[in-house]
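There are two complexes below, and they share chain A, which is joined by chain B in the first and by chain C in the second.
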Partner chain A sequence: MLFELPDKIGKAFGNGTLSIQSSKNNKLAELINSKYTEDIVEAIRMLYCQYLQNKDLTLYMSRIINLLPREDLELKKLCQILISEFAAQPNARTSKSQGDVLILATAPIFKDLTNQNTSIKLNALKTLSSLRIQELTPMLFTAIRKIQSDKNPLVRRSVALSILKMHDMCSDDVQPDDYNDIINFLLKDTHQTRLYAIYVIFKITGDLQILHKYYFQLIKDLLNFNSFDLERALQLLYQYSVMYFKEGDKDLIKLLDACEILLRLPYPSIVLAISKIYLQFPQETRIKKLIRTVVKFLNIGSESKFIILQMLHQFALSYPQYLKEHYRALTILQIEKLYCKLLKLEILSLLIDENNFNNILEELLYQARSNQPQLVAVAVKLLSKTTIKFPKFIKRTIKSLLDILKTGSSDTKNHVIASFCNLISTQESKLPLLAICLQNIEDISDIRYKATVIKLLRLEIGQIPTIVAESLRKLSLTFSQQHENVKYEILLLSHQLQAINQEQHIELLNQYIMTLAKFDSSLLVRDLYRTLSKSIEFKESFVQEEENVAPSLEMQKLPIGSLSHLVGMHLPGLNLPSYLNEDTSDKRKVEIQVPPQKVEQSQQQQQQQQQQPKSQKQQQQTQQVENKKEILKRVEEDVKKHYQNLDQVLNDFFTD
Partner chain B sequence: MFGISSIYILDQKGRVLITRQYRNELPVNIHETFNKKLLEFDEYTQKPVMIDKDGYTYIFIRHNNLIFMTVCSQNANCLMIFSFLFRLVQVLQEYFVNVEEESIRDNFVVVYELLDEMLDNGYPQTTEFKILKEFIKTESFQLKDKKQPEQTNFNVVALVSNKISWRKEGIKYKKNEVFLDVIEKLNMLIGQQGNVIKSEIIGQVQVKCMLSGMPELKLGLNDKAFFEAQGRQSKSRAVEFDDIKFHQCVRLSKFENERVIQFTPPDGDFELISYRLDIRVKPLFSVDVLIERKSATKIEFLVKAKSNFKPKSTANNVEIFVPVPDDAEQPQFRTAHGSVNYMPEKEAMCWSIKQFGGQRDFMMNAVFHLPTIVSPNRDKFQKMPINITFEIPYFTVSGFQVRYLKIQDKSGYNALPWVRYITQNGEYQIRMN
Partner chain C sequence: MISSLSFINQKGEILIYRVYKDDISRNEITQFCAKMIATKENKEFPIINIDQTSFIHISIKDIIILATTKTDVNVAMVLEFLYQLSKICKSYFQGNLDENCIKKSFVLIYEILDEVLDYGIPQIADPNLLQKFIQEGGVQQETTINIEKLRQLTFTLTGVVSWRPIGLYYEKNELYLDIIESVNLLISAKDTVLRAEVVGSIELKSKLTGMPECQIGMNDKLLMGKQQKQTKQTIGISIDDMKFHPCVRLPKFDKDRTITFIPPDGHCQLISYRISENINIPFKVNVFYSEIIDNKLEIRLKIKSIYDNNIYGTNVLVKVPVPKNTVNAITATALGKARYEVEEQSVIWRIKKFQGDFETSLRCEINLGTTNKDQVWSKPPLKMEFQIPMFTASGLRVRFLKVMEKAGYKTNKWIRYLTKGGEYLHRL
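Moving on, here comes the complex of A and B:
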């Protein structure tokens, strides 16, 4: 047992893995020192693996450098890539040992620069310029000068790029005097090399004066570039045009014309680059063409489609008139990604006008019934937005939203109610929409919207006290199950109702709700209860005192019938809504008066009038009475209307 | 204009398979920030461009079980980076056929070499497979060209730097032929009431070029603008091509001025023209579905499919996917034409008809049993559209026609042009009620 134990412990602490590791390393050492190229390639593969695992390769670098002078192209290339990756490690420039290794590597690579084979030459240049060794810069420039006039254009192009690369890596090491002559030489070269040379100048100096000379040449060359170079050229021309052109310049128009031809190329990145130029110097006909071209790219993969849609969104904001004709291309497909669908909906809502309203509305409605909750939320929100924009179509939209409300899931219902709440604040006739919200208040699962509906109800309390009372009664039944925010609103509603309507049943209802609030689990609700109940006590004490004392001047300033007036002071602790400052006493009088009693009174008056001798005063009285009658009749009708079923209110609204 | 700072090929779980850093400015292990960022979203809300709090932009695409991701620290052209990533995937596909985790692991040295060739300091360079295969050879390509590496390299150099970079000189064929495939895809969305919400034709002309030398080709189409420019009327129906795009080989300025399509084609397969027509087209197929709930546990579908194209044309391999409840079981199908399969993974039934003649209509009846415990998504199927796939040979919806293809070469050989037309489904969907 004692013999076995240390071994077991050793294994548990990783002796086993260490031995495997060391055997691996042995194998690697064996392979890398082998005579055969295949073995060495295999060894380099293993080194790549280690590099990917962030392991230090310094130990093996000297061997790799020894392999560089070999003739085999692939091996040479692999070694060079490994060296440049090694140099790219964050500590390569700071660590002395690693830096020394890199300097060692440069000698054979410099030698490769003079090789006959283009590939070897190119790779050597690429590797040298990515080594990030400060001491090497002057040597490298000397070497570059030697090959700048190489017969091969590919090498000459790489020369320009390597200067840029060196500048990107350490801008302090590269001074304009070092490269000016090389760049000037390269500017006279083929279209590609020239582009790179101009690009280098721009990148290093930030200036594009050089394009004064080569502007027309670059425009001429545009059709010969490959897509990536073309994009670069267009970006340079964009920068140049921003720096040196005003709208309507002749030379600018040449660029814009050239871009128009380029719109026929099948590369979306080019269209993006052109759109930058076109938006900088907007011309209506060109933008119309551009939009048409961009729409064509809507059929590409969803990743690029996202960018294309963002472009279209920009166009929809700035130039909706040109995008409107393509609105059908923006119809949503089932298979698209959610972010594409959402963007499409946004764009569609921006394009709505009286001609396409029906079609776009149909699309929004279809998406409002979709399975994806986010899509439904956005669709419903946009529906209400468009309704606010086009009040003409409000009835249609509300009808459709009602359909969704009847059939939709609970999430959908929440969104519809939210959009109704949104609509209520913008409409003059708020009651029908409020009635819909009230009808569905039981189904609203989102507390925010439920609280908002009650709040909106509170704002309209002066107009529909009986309906408010009925709703409050219903809400009181489920008071304890509500969220604290909803309870808070119910409590305020009840208190406000009680303030304007002091009938017995309302007072009882208020008392009931206050009692529930008194023992509620939520601190917020109990707190509000205390504030409200205190204020009522204040009222009583004040009233008692004030019977003897004349009302103070301050009292007159406060609106009659408001809570503040009753209390006799502003209530700073309670955040009172603005309605308290409004004088709603007239409205209240109309509603508080109970018609039948007053009608009886008027009949009595009429009998008295028959008995009394006729005089002018009596005539006036009878006239007044008749006027009152008319008013009372109207009041009666109004009250009846309020008492009518909510459905009928809705029907009145829709069938006028 | 700004280049890519680094590129990563990650596996599904976000582990690094390949990475190349082009700038020193990036923090180490930046891919971990990307992985965290990726977890913030689900598959529906994940956008292909993300930005982190330090201002680094991550642009990525997914392919099979891989993520190709680039990090940019400056304001680069997103679409350029996307097109580079797609090109990279394309090139890798040409090399390994299946681009997936295993093939990347097996060939990661080649991938390194390719990345080195395709990107220099983060700027895209050579991305054409035809050129790249001359530089970087795997075993399958190595055998053919090993004899004269220097000469091929010279050709490649000429290719990359010439004005005609898409075709090399000295190509020879015994028989000179050009094959033109006009493929039109019909994107159509039909509303619940049978109204066409969207109809759009996406066309392309695919060319297979087997011509010797450096020939000059001239293509004539029934282009309305061309006839108008010439001041004559066409005998057949002319098409108005507003959104037409060409391969780089077409002389664009000539087309812009004279509406003539003239070009020196690349060798082999390429896409010469792509166009989009936003015209009102009658639906080629209309499908009516009548759903009847026989009882709480039984649902019946009566599907009626009708073709609206000319009787002389025939559609091949027509497949109609009708959505069904997700918990449907025990399907029973009755139809006189074609066959029907239930596809539970797609929550649909597929009615396949090998040949569907023009102006014909077929009926199909399907009955499904439903479990007594109602699935929460049972009614979801009604919100899904019906999908149709088809192929109609010798027919173009738009009326696109190739009038002529003239081939001229210095050597003056005779070449044969072949043209083939085909209409396929694009996104052809019918919304259910």
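Moving on, here comes the complex of A and C:
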């Protein structure tokens, strides 16, 4: 939640020469009333500083407005910017007195609209449209009508934008009749002004029917726009195509073809915009080309790399077959930022198959030796994941993980042990891996993993009672220094061991551990001791670490590359209009049947096939678990009864 | 659409704050600064979303330029715009953009912000054109008063050839073309090539009169293939990915792969390309690390240049990483100089001139200090930097460069080739 914070804006300027202490205020008043332009400019500089510090400028506004008719261009411009910034402040919008001050400013600015100098005219138009004075809108539209046919295209472009501004800022007073004729006039203009006019219509009405007429013209103009306008044009065309096209439409293909040429431009934003269109109407060859182009941007040095990698990550999930050939371009470089490295690793792990396994595995192993702990954690985790995916290579991975275990830092060791624990649960021969974990149990600093190792040991107790006994003896030596979760596990282990092996030395060991637990500082341990000492068999709660399912369904719905996709939530502005099934022109009625994509089908089949053996395994596992459950059920009931009784006793005690 | 723009310093104090839309409050920006920038939390991520407001930022030296938005925008476009804005500011401050510059001329930045964005939509974003509108010390009087000149300017801005003004004149017409390639190579510890690519660019500097149309021909495989029947020339190279400056006529290139364009005045990057097949790797490196005794390490390094012996590599630098606890290093080499540099934590071997088809070696004996054995040396990769003039790792050559103008003047053309070491890494 947002909360009030001391306003730091402008604080960097300190209380130095530009501050507004009372003595300085006099100086400011002196300067702003001076005859000389330099002094006034200096005064305005000071006012900018005050504005930065969130000070109220109402006092000075009338003087600034008086300065507007002056000939000096710089002064005029500075005053205009200051007025529009003043108008943008929330106070100016709500307070009547401040709003009245702004009305005073309109007369000189209206006069500037008729100036011959384009620059003055442009600035006047910008300032007027950002004043947010509702009473002025009819007058402003009249003034705009006068300059809509200005010789200068820059002014005409600005006219379109000022309509949007006024519509957004004073929406109650602006009616479609006010601006329709202006927009219609602008639509007949050059390519850039036309684009702005269409954009304004779309922003105001949310509809793009107007593009029926200008669709082909806009596609033709695409190559003439600069990068920012081109992005806007593509955004409009994307919205239009979503609204009015079905896959395979003849006119749609024209747009897709035009986009293909644009993929050669060096701007990631354009590729992002095109990718939206391509992914909306996926075609195998085009997606392939798109991925190729996106990969090319991996060398980009700017923050855009993050977006490029996010896109590739999504591609790796939905179209891994096309991205696989480019996996070499994803090798991690040392100078890259951490988030790039992590994303690259994720993508690589998604692309892994039998052909590139060696290289990607090598990359993962290399990164697992890095000195960045986060990177190591991810690399080791992915290593164990890929090993589960490709059981063929398990020996190699385990060997490499062992190497890392020998040389790695303590953090690394924790991660390796964690991945071993993961592996143990998937393997049939669990003992060798368990032995490795036991060997290193002293070095594990993360309590979660330590507890897990003991838990795993407990599960194998029937097979290796003597080893368990020996490990338990070692653990008992450092019992008091352990974390309560670890103590908890040790206690359970000791209890279970005693249950199956009732030799004297085991009984003594158990007694020793129980005594330690009895006087332990942790409530949890003491509680467990009490339960165990009443020789009620304890049911442990199985909490398996849930695997992260990479993208949620919500995430997949969001278009790749959009800001909403990057931040993982639906942002306003993304509201896609629903498909309109009406046919917009006779020409577009011709339907071209696109053959269904074979690759995707086969992928689905593969997935289904993969799911079958999985489900069999799962059944076996569930059977085992159920068997165990049955045995433990009785005990559980006993425990429940015990606690219910306890509850009753306590209730009685307190009610009394 | 961008809702607001701010320039922020390292402490999280806001130097410039300009709001374009009403959907953002000062408080949100202040909160972002206090939370994210001052505490350096999550600073690495360029996009942060707090309470439906997206903060998109880039860092340039000690300055953070932040754009905020509440709607779904094309983030790459916003980032591009921010970089362009920093470029514009730099062009006003002689290539610098730091806190002092901003504090000194913040009013000028306000003026720039007023021109580059209108209601959050990028307007004029070309530093050269913008400099004609606003000059340091305020709006340029001369240009703005001269209405005819201004009209030309604005027509340039909104016209089809927005990158080149009308009516340019040079006494000497010159055209410089630099083909600069950087080789990115990553070799694993087992000597397998993990990644090998050439990232190249054709830089253009034009001083030409009028509106000339230029054409470049390269030994592009696809183009050569078409002409081969007629000229029987050798097969060219395959350039897989090319990106062009907007001045290049893309439909024409798509049709017949000829590169025609009206060049922008001054310097620009005309083409950038990436080649990942059949690369001439200029150097072959072999490294052997061996531990002689506990505290002594021996490194043997062999480098062989694999280019014609009439070409010379210059400023060759090899960074051989050594463990943190290195006390000193004894080096022996026949070519260049090698010494241990503490700040870099590596032995740096510098060779001023490296002839083609030549092999040389380096032997280092590293004395290590005693250290805690728990800290294992992470072995960063060996890095190499070099420059080889008149050589292209991709084999790219410009076959012709034509300049066509109505006036029919003579143009002096210069073409240079240079190959640099980009990310030339050898893992240990």
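Note that in this section the second predicted complex is superposed on the first by the 514 of 656 C-alpha atoms of A that agree within 3 Å, B and C clash if a C-alpha of one lies under 4 Å from a C-alpha of the other, contacts with A are read in each partner's own complex, and residues count from 1 in each chain.
Convention: a residue touches a chain if its C-beta (ideal position, glycine included) is under 8 Å from a C-beta of that chain, and two chains touch if they have at least 3 such contacts.
What you see is a predicted model, and the numbers here were worked out from it, not measured in a lab.
Of the two partner chains placed by the overlay, neither chain B nor chain C lies in contact with A:213. Once the two complexes are overlaid on the shared chain, A:268 sits against chain B and chain C alike.
Once chain A of one complex is fitted onto chain A of the other, the partner contacts of A:236 are limited to chain B, with no touch recorded for chain C.
Between chain B and chain C, C contacts the larger number of chain A residues. Contact with both chain B and chain C is seen for A:154 once the two complexes are overlaid on the shared chain. Once chain A of one complex is fitted onto chain A of the other, the partner contacts of A:408 are limited to chain C, with no touch recorded for chain B. Of the two partner chains placed by the overlay, chain B and chain C both lie in contact with A:362.
In the superposed model, A:224 lies in contact with both chain B and chain C. By the touch criterion defined above, A:27 lies against neither chain B nor chain C after alignment on the C-alpha atoms of chain A. When the two structures are aligned on the shared chain, A:52 is found in touch with chain B and with chain C.
Common to the chain B and chain C interfaces on chain A are residues 41, 44-45, 48, 52, 73-74, 77-78, 81, 85, 88, 90, 93, 116-119, 126, 130, 152-154, 157-158, 161, 164-165, 168-169, 190-192, 223-224, 226-228, 231-232, 235, 260-262, 264-269, 271-273, 292-293, 296, 299, 302-304, 306-307, 328-329, 331, 333-335, 337-339, 359, 362-363, 366, 369-371. Residues of chain A that touch chain C in their complex: 1-13, 41, 44-45, 48, 52, 54, 73-74, 77-78, 81, 85, 88, 90, 93, 116-120, 123, 126, 130, 151-154, 157-158, 161, 164-165, 168-169, 190-193, 223-224, 226-228, 231-232, 235, 260-262, 264-269, 271-273, 292-293, 296, 299, 302-304, 306-307, 328-329, 331, 333-335, 337-339, 359, 362-363, 366, 369-371, 407-410, 561-564, 566-567, 569, 571-574. Taken in their complex, chain B has these residues touching chain A: 1, 16-24, 28, 44-45, 47-49, 61, 77-80, 82-84, 86, 108-109, 112-113, 116, 120-121, 123-125, 127, 135, 137, 149-150, 153-154, 157, 160-161, 163, 165, 187, 189, 191, 197-200, 202, 242-248, 250, 252-253, 255-256, 271, 274, 276, 278, 377, 380, 383-385, 426-427, 429, 431.
Of all the residues in chain C, the ones that touch chain A in their complex are 9, 11-19, 21-22, 25-31, 33-34, 44-47, 49, 51-52, 54, 58, 69-77, 79-81, 83, 99, 103, 106-107, 110-111, 114, 118-119, 121-122, 125, 133, 137-139, 141, 144-145, 147, 150-151, 154-155, 157-160, 162, 184, 186, 188-190, 192, 194-195, 197, 199, 240-246, 250-251, 253-254, 269, 272, 274, 276, 374-376, 378-381, 423, 425, 427.
The touching residues of chain A, counted against chain B in their complex, run 41, 44-45, 48, 52, 73-74, 77-78, 81, 85, 88, 90, 93, 116-119, 126, 130, 132, 152-154, 157-158, 161, 164-165, 168-169, 190-192, 199, 223-224, 226-228, 231-232, 235-236, 260-262, 264-269, 271-273, 292-293, 295-296, 299, 301-304, 306-308, 326, 328-329, 331, 333-335, 337-339, 359, 362-363, 366, 369-372, 374.
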